[in-house]
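Please find the structures below.
Two complexes are shown next, each including chain A; its partner changes from chain B in the first to chain C in the second.
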Partner chain A sequence: MSKMVTKILLIIKSPPYGSERAAESFRMATAMIAMDVLPQILFIDDGVYCLVRNQKPEAAGLVSFGERLKTLADLVGLYAVSDSLSQRKLKSNDLDEKYNVKTISLDETAKMISQNETVITF
Partner chain B sequence: MGKLLIILFSPPWQLENTDTIYEFAKAAIKEGHEVTVFCDGDATYNLMATQIVPDQTTPASKMAQLIKMSAKALVCGESARLRGIDLQNNLIKGVVRSSLGKLSELMEQHDRIIAFG
Partner chain C sequence: MLIILSKSPWAENYGSILKIAWKTVENREKTAVLYIQDACIAATMNEYCDKLAENKIEIYALKADCEARGLMEKVRPKVKLIDYKQWVELVMTKHDKIVSWTN
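Right, the complex of A and B next:
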């Protein structure tokens, strides 16, 4: 039998393009939600570029993950580390509003990590 | 004794993650723990039986040794399919087809989860 629902944090530190890591994290999050396991999703370092508005990957022949990310945002919410945004000179209004991203400090990030039983980084 | 779930994302021959999990899993099994290794994404290549390096242990042979030692080796079927890996004929013996949905269930059933990517 299953134990109580495990608290899982998915940390995305990979940029949206150049590797499949970020896309893989979204695939995993979708599968988890389908199995009633609701992860927290946090973007840090270059992972915050996943959240920038007006991305057009189709122009380069790439598959867009925008709709999947929007679904994840609606179902479990998305967090981004404010330091990672400021280091890249990104402001809240540079992020796609449809994701409704909550920005958190490094202290809050540390707390979020400690409150989860499992952390998987991508 | 505990139940350990190792999730591997990285391919063979690029990083040392497969070597690390081999030693890690071996040590855990010797301590009496139950070990499951889930290969996702490019990590599915670690399980390909056709790896051949003369006079050298391959990542696949290390995975095969872990299976012999009682570890469960699972592969994400969708990741394998995307990479053109034939689950029936290309993989080492003892690998069980799984999915990310099943991985979510496994996360509930294991005491400790560690990911290498």
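Right, the complex of A and C next:
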């Protein structure tokens, strides 16, 4: 049997709730953790809106991914690209503190992508 | 004319449709823009709110979609937040033409 890929980076670039893409990536991450693979999770471009605090998806009849994302934050940690945040005039206090997001530069993002064996974007 | 936008301004180019909106105002038409779904992000951005308002374009955003995304605190002051009932009123009674600008 071929060696299982264990260094996986999930990049979320879609905004929350307008599509299922972001929520799907979180479900995939949960499944990976259940298989003892700990992915890295990085938010870039409109993906950073997933991390904004005071989200009330129930108001629009949508199912919240907040609890799942909080679990992922606790288990593997969440990263966000600082350029994407500053372009959108989002500051660290605009992000939900429960996610304990680490912001990284584009340089660090490049290194993170290089260091992983597989990169999946959503 | 009521223009309805639903995609993020970072994912879709609003340039053409907003220029068209300005033209309709020049032609003395009553024009409004409604931001729904991911387009609610635009309701937090100066270039998609204040500049339109200066050109006498009314700006609306669907409150439920702003709330869902945690954007309420950042919605620009010129934006009128509406519920689903008010959306129906806009479509049925306030505007004769509806342009749903979606890809």
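Criterion: the second predicted complex is superposed on the first by the 118 of 122 C-alpha atoms of A that agree within 3 Å, B and C clash if a C-alpha of one lies under 4 Å from a C-alpha of the other, contacts with A are read in each partner's own complex, and residues count from 1 in each chain.
In this section, a residue touches a chain if its C-beta (ideal position, glycine included) is under 8 Å from a C-beta of that chain, and two chains touch if they have at least 3 such contacts.
It should be emphasised that the depicted structure is a prediction, and the values quoted were computed from it without experimental measurement.
Superposition of the two structures on chain A shows chain C fitting alongside chain B with no clash.
In the superposed model, A:91 lies in contact with neither chain B nor chain C.
Contacts of A:15 after superposition on the shared chain: chain C is touched, whereas chain B is not. With chain A as the common frame, chain A serves as the apex of an angle whose CA-centre rays point to chain B and chain C; its value is 90 degrees, to a multiple of 10.
Touch criterion met: A:121 reaches chain B, while chain C stays clear of it. In the superposition on chain A, A:49 makes contact with chain C only, while chain B stays out of contact range.
Look at A:59: by the touch rule set out above, it reaches chain C but stays clear of chain B. Superposition on the common chain places the nearest Cα atoms of chain B and chain C 11 Å from each other. Shared interface residues of chain A, touching chain B in one complex and chain C in the other, do not exist. Looking at the complex, you find that chain B touches chain A at residues 7, 9, 40-42, 99-101, 103-105, 107-109, 113, 115, 117.
Chain C contributes residues 6-8, 10-11, 37-38, 41, 62-65, 67-74 to its touches with chain A in the complex. Contact residues of chain A toward chain B in the complex are 2-3, 5-6, 8, 20-21, 24, 27-28, 30-32, 34-35, 37, 117-118, 120-122.
If you check the complex, the residues on chain A that touch chain C are 15-18, 45-46, 49, 52-62, 88, 94, 96.
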